[in-house]
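Should a chain be cited, it is by its letter among A, B, C and D, assigned in written order, with residues numbered from 1 in that chain.
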């Protein structure tokens, strides 16, 4: 169970999956590499999170789509993902200035498995953890990225781990959050990395919370959020892009403002079939659009809950510019 | 004041404009033509709403943008609006099957004023009122569309008028709603035509309401919503498209599901400058992106409130397939 | 054979289909309604062309896509076509100011066949024939549009007929042109309505022609072009949008400038399978992207040839503002 | 003069700029870093090319746009470029698997100049030189990328240098090519990195060349092309995206097939004004759309010529899998 459900909370119309995590979609694995070093101006509070699809995505890519709510971000790999409609590598999340080292590490990872690969399309997404972490010191190495991939397992650790280590949202400590929904015979899972919004923006299950007792963590009107959606429903790539759009509805319901400096990226993939690199025909029995209502609701609900669960799983953290407080649970449980 | 404010309600972080209506943007006018005829299977509950920008939009087009949250709709005029970045006619809202007659009427309207016009780009948006109205009887004529344009004034009548006459949202009677926000020195106004969602979807100021006492109005998982945003802030066309995107955040907060059969279209225009048809240079002093945070919040808040105000201004209506109940105010005021 | 092949010309790498026409795709039919009335300032030189897909597109929509090279046009129906990925009606081509009457006529046409239809998405595209035709007199009626649909057959008449009646391209008389290509086991057919470009822009099989002996037909830097592509290859909707993109390569090779006032729209549909309105699953065995090279070349070649064939099939025409000369065949055959 | 003009060739309707190079746009500089090492299976034939805009792009970003003709590529930085409409770093071109190391090097380059930068959006584009170069050995280092930036000057070296070192197009050796056009008072410059097409695809000034005397260089139906456009015309970001679209018309006229495995990316920026990072208003006097015809033609012509000039400036090159022949000049000059 995610941190949200563990507190007895619930949200939306659809039932959660067994673990209420993105790993409820069979075969999806998540791993973290967490860096917490030093304190003061040189403090490092950062990391890498890997979402690893089942099977061999390079030989047998998965159908995939994406939606960019606001594009102030450094996302890597989405042009090809959108034009081919496929995901051919694991997905990494990290901090803004580590994006390209992580992408380079994915090339290493694929070449180790496919030495004859000549074109590789890593997918890496990022948020900026520069309030708590000395982002410009660029501590993340290829080894860190590979370690996150290596660590991937079927349980999602939430909170201040991996890419979530130094993130904050709504001036509260954030981190990694996850959730899932059952939509008929299928499951939709979400993993969120929320790093957006000012205190006034937060909507917790639709409510404004009284955060006046907490220290302000001033920041400009920026911040980003990344969401990864996985499903076992047999959707076409373009339908997965539409699923990703519904994730944005869930973001909006948390109060995410999609502010001008925000990189709000959502990626969705399906494990239901493959588009093998050397196929000459691909058979699929897809769900036509008019039947997608439940899956759309599942994507919106799982995304909203994953964001809230990230807030609830995080703990106070001291870093470069001070302490970012976690969301006090008593505010939520009353 | 709109119907929402008239009940003493409020929403969001920013103050409303003087009338809390799209007409708070100076020069913007709104007119309705309402058709309520007959009862039973042939009942007509439909109409046309006109949003008229100031000045002569054909000679001196206004900068404009749009966002399509989900494109299951018959919207007319948005390709040219998006590629040229301009609005050159008033905007009409109506029912699905009247879209093209209304667009044709706008050609008439422009030719009356500019007999030498040879290319005209009407902007018409629609929702489907086929539950309450015999939409396939196609009662709307050119005269109705011209009457809505003729009726345009600086007060917005809300509720079951104009294009809103036969609409319903969340299985409640809907109609036309409006709202506005002040964002520093500027105003953002919204006019909404909500026609989306099942009862379970509604979020009223973030809350689920207990609608179990009301008769169900069963419908498929369809329905649409149209939002028009106006501002006096000097934004570039692409920035107006981004403003329209933030309207979608407001829609999401009302519970709008963007279901598979939904046409969720948002159009935004600015009255701050003109792009004259024969200009060889256009001077503008625009607000750069990093300064748009408040305007974005204004768009989201005004849109959410315009939808709720549409629900609060509507009254029970009997039509083709039965009665659609208005939202009981007591559910909201407790 | 189209007019281009009838002159013994050829183009590209791939072989043409049997008739070198869009009707080489089994089941696709084309019909025209031509209006040539009066002379002088009130001359009417206009019409409607219908492209009718096989079967009952409303009950069983076809997969479809589109590409907008430049969006200064009034195209109707493409938002839903793109978001649902389906074509549910015949496609009409006509003049700019008749767009919406034609769209309204398609509603009539569908309601005659499906009286219970409540949402209908006509697809209508247009170019501006205002040089030769008194476009502002708006002579096209619902009856004309229905007549074009009624006239649809398996032979494509090219030249100054239907929507092509009053069009011109590169300051030469244009009209309707068609062509097709074989791509392995499949066929790609194109129908073009070219109305773009100044004389200096024309590239005929890559060559500049010496048009100095012809009267100039002055016009602003505007003009549009519409292309419809049909195929029997089993492509996904998004792949059909990519096929339409390759049509734009063919346009470019004719010298089409995509000028600022140009509405350059390309629509593609497949007859290989259906997405029935009430299906809960749709089976398809699609061609994956890496196998699309030949189909892409077929789309580019068929489009280029369809444009040239439109020029070669047209005849001198006198209209509102004077005579527009046809391309002298001797310039091409030397 | 570029290699194309040096042979006495010309193309299009508009006059070239003084040097017929992207550096005809005042302040634009280009630099190369070339790696030619070893032979046989481990041969390295690769490099980096830098396009450096005038001034301090990080403090004062330039308006920018882009067009993706086909997105099978690893382009970095375009989401933010498109959503903000700005270019804030130099642009690097390199081989596919070096993309992310080059992007990481741009972060280093910016941090050296702006130690307080916390969010940096490098723009890096790539083609695959894996036929001539052992791309999987990943020889490009941060130092190479910085060397290309360091080498930037106001003369463009064409041919087998920088990112062009190992590229081929139409089964001929390719490289870096450049060209420019005067459009009234303004200049449009293009720099191309062509790496696309099979022999049968090539159109040289619209003509098929007889390449049967050359050895075939077999390859799959892949390959990419990158084009950078610069102008001193005061265009809005969205207009620069439209300018980039016209570059694609020029590509099409060379026979570029936009094949399924192709990453065809075009980026355009303007030097006419700045959008300073901390501005609260930006004044611009832009050219409205109807006046863009000449600039659009300039972009198409400069792009076509830059591709042809890349072919004419290249020389035979031996590499990993054999020799790729240059285009024999005698085929072109007859």
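For this structure, a couple of remarks:
Operating definition for what follows: a residue touches a chain if its C-beta (ideal position, glycine included) is under 8 Å from a C-beta of that chain, and two chains touch if they have at least 3 such contacts.
Keep in mind it's a predicted model, so treat the numbers as computed, not measured.
Of all chains, the one whose CA centroid is most distant from that of chain C is A.
Remark: among chain pairs A-C and A-B, A-B carries the greater number of C-beta contacts. Averaged Cα coordinates give chain A a centre that lies 44 Å from the centre of chain C.
Mean C-alpha position of chain A lies 33 Å from that of chain B.
Residue positions 70, 83-84, 242, 261, 289-291 of chain A are each in touch with at least two other chains.
Across the complex, chain D meets chain A through its residues 68, 70-80, 82-84, 96-97, 99-101, 103-104, 107, 111, 115, 117-122, 128, 130, 135-136, 138, 222, 261, 263, 265.
Across the interface of their complex, chain C is touched by residues 13, 69-70, 200-201, 203, 205-207, 220-221, 242, 245-246, 248-253, 256-261, 289-293, 296-297, 300 of chain D.
The touching residues of chain D, counted against chain B in their complex, run 83-85, 236-238, 242, 275-291.
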